[in-house]
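Look at the two complexes coming up: chain A is in both, with chain B in one and chain C in the other.
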Partner chain A sequence: MADLVQLLVSGIATGAIYALAALGFTLLWQAAGVINFAQGEFVMLPAFAMLFGIAFGLPMWLAFLVACVLAAIVLGLGFKLVIVDPLIRHGVIPLVIATLGVSIAVKSIVRAGYSAEAHPLASPFPSGQLSLAGVTVSYADIGTLVLAGVIVVALQAFLNKTVTGRAMQAVAQNTDSARVLGINVRRMVMYVFVINAVLAVVAALLITPTYLAKFDMGDSIGQKAFFAAIIGGFNQTRGALLGGVLIGVLENLVGFYVSPAYKEGVALLLFLLVILFRPEGLLGKAEERKV
Partner chain B sequence: MKRFTRICAALAVALAMTPVVAQQPIKIVGLVELSGTGATSGTNFDNGVKLAVKEINAAGGILGRQVQYTSSDTQSNPGVAKALAQKAVDDGAYVVMGPVFSGSILVSMAETQRAEVPNFTGGEAAAITEKGNPYIFRTSFTQTTAMPKVARYIKSDLKARTVDVMWVNNDFGKGGRDMIIKSLEAEGIKVGADISTDPGQVDFSSAVLKAKQSNGDVLFVYTNEEESARALRELRKQGYAKPVVGETVLTSQKVIELAGDAANGAVAHVGLTADAPLPGIKKFDVDFQREYKTRSDHNGLKGYSGMYVVKAVTEKIGKVDGKAFAAAMHGAKILVKDTPGVLMDVSFDKNGDIDRESFLTKVENGKQVVVKTLPPLGAK
Partner chain C sequence: MNASVRNTAILVAALAALCIGALFLKRSDVYLLNLTMVYLMATFGLNLTVGYAGQMSLGQAAFFGIGAYIGAILMKMGFSFLLVVPIAAVACFVVGLALGFPALRVQHHYLAFATLGFNVLVFLVMRNEEKVTGGTYGISSIPRPTILGWSFDKPLAYFYFTLFWLVVLGGALWWLLRSPWGRAFAALRDNPIRAESLGVNITAYTLLAFAIGAACAGIGGVYYASLVEFIEPGPFHFSTSLMMLLAVIVGGSGRFFGPVVGTIIIILLPEVLRGSALEALKFMQKWYLVFFGVAVVALMIWLPGGILSVADRFRRPPGVAK
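What follows is the complex of A and B.
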């Protein structure tokens, strides 16, 4: 029983990180109709930005803040203005291809500029474990859960309780109606891109101590986040959370009770099952194609 | 007179041509993992070869000819490695260095063997030199020679009765897993949990939990560099307090750098280490750091010493001839006093396996410390 609880806690912690990246997928899709296949690289780049900051003598918290600002500018505003805006009028497919291109280009640049080797990033949480009733949980897992939880709750509160958040939701639901209501659609979409970039930095902070900073570290996280978004429902932010946590927990359970060799296949299997039997996702709503 | 002039002209042309031929560089091709899961190993190996080539060229080359070294990225992919080996052969390579990954060399060495081009590898899988290929030579120990030493240490020093084995599911890991289990059982030690992990695996939480639950006396970890670092981090994260032992990779410089404090206490048998208390290796360590601003792991030493073996044996046979080189390699013994670049006295057997001293290392305060020097097998 103690093993199961431990597996669940660490699985939820890992899943929460997937969920942060998956949230970005769903937010961008809802607000701007963008599927960003460079999402994994959006997590990798801030990891290297933090490494740079630390190498320049910044404390981790300051390196994190600098990475947030840089990400908001480059991966938020820059990505929207340079990639999305010129291509969005041509439909989803050219944009998908463009994000795939961004993914390859970013990996190549980082590999050429920072070597193909992995680099360590210290955990923002203290080492050590908390033992309670036979269950041992690391402070890193607890910290990850708390931080990811706070981010998710704050984001939900922002989207549901503030005027700006509601305006963003209105844009996500119907752009034309939102515009008629006087909402500045361009600005709301811009906010979504910036939020996505900041979520990626938080995901980078939490996952890099485990994954290690490497040019291709985004492959795995990007893939898991995409699967999580599909599993939970691409048009539901709550779906991304559910998808991420489901993958994290099931990976841990399969890794322990079946074999660690099979855990990487869990997300793919779950993804296939959802696509076959509930294509709109576990919490998603079926959408009709516009003609 | 006219005839005399013609002869003089012909002689002049011949004389002019001679230095051109003599100055033609010796082509050495590196097939190394510069990306993918083997990037750390391949980059170190490649840098080691490059450093040796730089020194050799600065000292006048081999037989008066400069060495031209070019390296290609196998992407840690056996298929790519095979294609690059074919290209190296087509380009007229005298010797091929690499790949480092056992899975890659097992596939690519067919091309160099077919073309009768000597091929040095950093791979440690026992199968590499068991295929009767007369052109394959190691730069490190085979698992067959290393694992019995590890098992002996686990029994005599750690007094373990049960050992859990965590290994990476590729040619390198599977070969090591089979050999350590065989060696442990030969020492009368029981194998507890047999934990397979994936190449490139990032999350070791369930693997570590499995080891914790198994309750063995010692955990033997046999994975590649990044995975070893992740495993050590997860072991620390989950508070695993029993001895963690490995072979070669676990206490390597890169693993220590990536795992940080979590590497402290890990023990491994290593064939080569930059921390070895030998003057040649200390000099190499300084030179490598000056050149690449980072410390070399065992793979850097493999590439460096391997390149000096090429120099020593080529100069011994007195010509640049791959076939003669391979023949001279079998049974060759190269001493540090003759060729300091080989770093340690080394001998090659009829299969291309090496024998030399080795070390037992432990990570203490973020540094690899040599705790014991083990003699060559042939010395026993």
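What follows is the complex of A and C.
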């Protein structure tokens, strides 16, 4: 029983990190119609940025902030201006292919230009564990849950309570109507790209202490983000959260009770089951095709 | 008609040059050409899925691997090469149907995700099921084919053997695409909703295209196993699938010879750079994937139809009277 509770807590913590990456992924899809296959690399690059910052002598929090600013400029604005804007008119597939190209290029730059090794990053949370009624939970898991929870709640509040946030939702739901209503669509889409980049930095901060910074670390987290987004429902922000947490928890349970070797296959099986029985995702709404 | 006669002549000349040229090449160069041809079997099949059925597949290396492992295991048990190839093809075809069915009920990117996840899973099975696959140690001393007493063990003999069957496979795909059945693919890719209203069963056709593409990869896998004589999970990682997909797109998806150009770029060119004596070219090899990734982005922006579509840029647009 104690095992189960521990597995659930650490599974939810890992799932919360997947959810952060998936959240940015769904936001990009809703607001800009972009499927970003380089999402995993958007987590990998900030991890190295923070690593460099700390090696440069910056304290953790400052390295994190610098990474946020850099990511907002390069992975947010830069990604939109250089890759997405020239390509979006060609349709979804060329853009998807271009993000695959970005993913390969970025991974290879880190590998050829810096290192193919895995590098440790200090955890932002104290080490050690909390014991309560026979259940031990690491501070890192608690910290991850709290930080991810705060970010998600803050993002939801921003999207639902502020004028800018509601304008962004309007753009996501119907771009043309939003434009008619006088919303600056370009600016709102820009914000979405920046938010996606910053969410990726937070995911990097939380996942790198456990999974290490490596040029191909994005492969796994990127995949989990796609699957989480689809399982939960591609057009629902809440869906990404549910999908992420489901994957995190089930991976932990399968890893412990079935076989650690097949942990990575859990997300695929869950995804196949979901698209067989509920193709729009657990919380998603079915979309009509346009002629 | 004139153009098709000219194109056939070019193709025959190129094949003849390849056959004769191979006699004068170093052993390692023959091996590289052979490797390129083996990958070409898989990318020809992928072009069917990507270029003609308009779907993205990121799991071609998994089918390539399934073919390679089936080939390695059965050939070591003493099965004849010519029997193993259809077994691998059918196995990949069936797996392709089973994987494609759920994914293709929903559109586009879902097949990409499903195949990507499938590739990860297949890789795990290859690595973990040591009793069958040999795990990370792989399977070694895979035999080359002997048919009717003729041994194709020598590099040059196996090269001609692969080339012959590659041409047969390419011919079969060419025939398939020219048949009424194949023309439905083009209708499907260009305007799925119109094709559907004309009575083309989109899901069935797309699924079939994907499964045939998977079968081609399975066939390529058997030839691969026999060529390298040793297999382990590494080459069947999903990053290979990614490169295969990009090869098709970069060469020109939906163009019959697009995969030829693309496969040369991803398989042959980096090896040629690695082998070169010039320092500058060696530097290129280390940064090859960086150039490649950037080139893919640039190509998508300026030439989304791939390298082979460059000629169309300078031709008169279709529909203009001659």
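The rule we apply is simple: the second predicted complex is superposed on the first by the 291 of 291 C-alpha atoms of A that agree within 3 Å, B and C clash if a C-alpha of one lies under 4 Å from a C-alpha of the other, contacts with A are read in each partner's own complex, and residues count from 1 in each chain.
Please note the rule applied: a contact is a pair of C-beta atoms (placed from the backbone, for glycine too) under 8 Å apart; a residue touches a chain by one contact, two chains touch by 3 or more.
Everything quoted here is computed from the prediction, not taken from an experiment.
Q: Going by the contact rule set out at the top, does A:A122 touch chain B (first), chain C (second), both, or neither?
A: A:A122 contacts chain B only, not chain C.
Q: After superposition on the shared chain, which partner residues are touched by A:F227: those of chain B (first), chain C (second), both, or neither?
A: second
Q: For A:N252, using the defined touch cut-off, is the partner it touches chain B, chain C, both, or neither? Pick first, second, both or neither.
A: Touch partner of A:N252: chain B, not chain C.
Q: With both complexes superposed on chain A, which partner does A:I35 reach: first (chain B), second (chain C), both or neither?
A: It touches chain C, and chain B stays clear.
Q: With the two complexes superposed on chain A, say which partner A:T26 touches: chain B (first), chain C (second), both, or neither.
A: neither
Q: Just checking: does A:H90 make contact with chain B only, chain C only, both, or neither of them? Give me first, second, both or neither.
A: A:H90: touches chain C, not chain B.
Q: Tell me the contact category for A:A261 with respect to chain B and chain C: first, second, both or neither.
A: After superposition on chain A, A:A261 lies in contact with both partners, chain B and chain C.
Q: Regarding the shared-chain residue A:A98, is it in contact with chain B (first), chain C (second), both, or neither?
A: In the superposition, A:A98 touches chain C alone.
Q: Please identify the positions on chain A that touch both chain B and chain C, taking each partner from its own complex.
A: Comparing the two interfaces on chain A, one with chain B and one with chain C, the shared residues are 259, 261, 264.
Q: Could you list, by residue number, the parts of chain A that touch chain B in their complex?
A: Touching chain B from chain A are residues 3, 6-7, 10-11, 14, 111, 115-120, 122, 127-129, 136, 138, 140-141, 209-212, 214-217, 220, 251-256, 259-261, 263-264.
Q: Which stretch or stretches of chain A touch chain C in the complex?
A: Residue positions touching the partner: 35, 83, 86-87, 90, 92-98, 100-109, 112, 219, 223, 226-227, 230, 259, 261-262, 264-265, 267-268, 271-272, 275-276, 279, 289, 291.
Q: What residues of chain B sit close enough to touch chain A in their complex?
A: Contact set of chain B toward chain A: 34-36, 39-40, 43, 169, 195-198, 201-207, 209-210, 213, 225-226, 229-230, 233-234, 236-239, 254, 257-262.
Q: Can you tell me which positions in chain C touch chain A when the two form their complex?
A: That would be residues 54, 56, 102-103, 105-110, 112-114, 116-118, 120-121, 124, 127-128, 193, 238-239, 242, 245-246, 249, 286-290, 292-297, 300-301, 304 of chain C.
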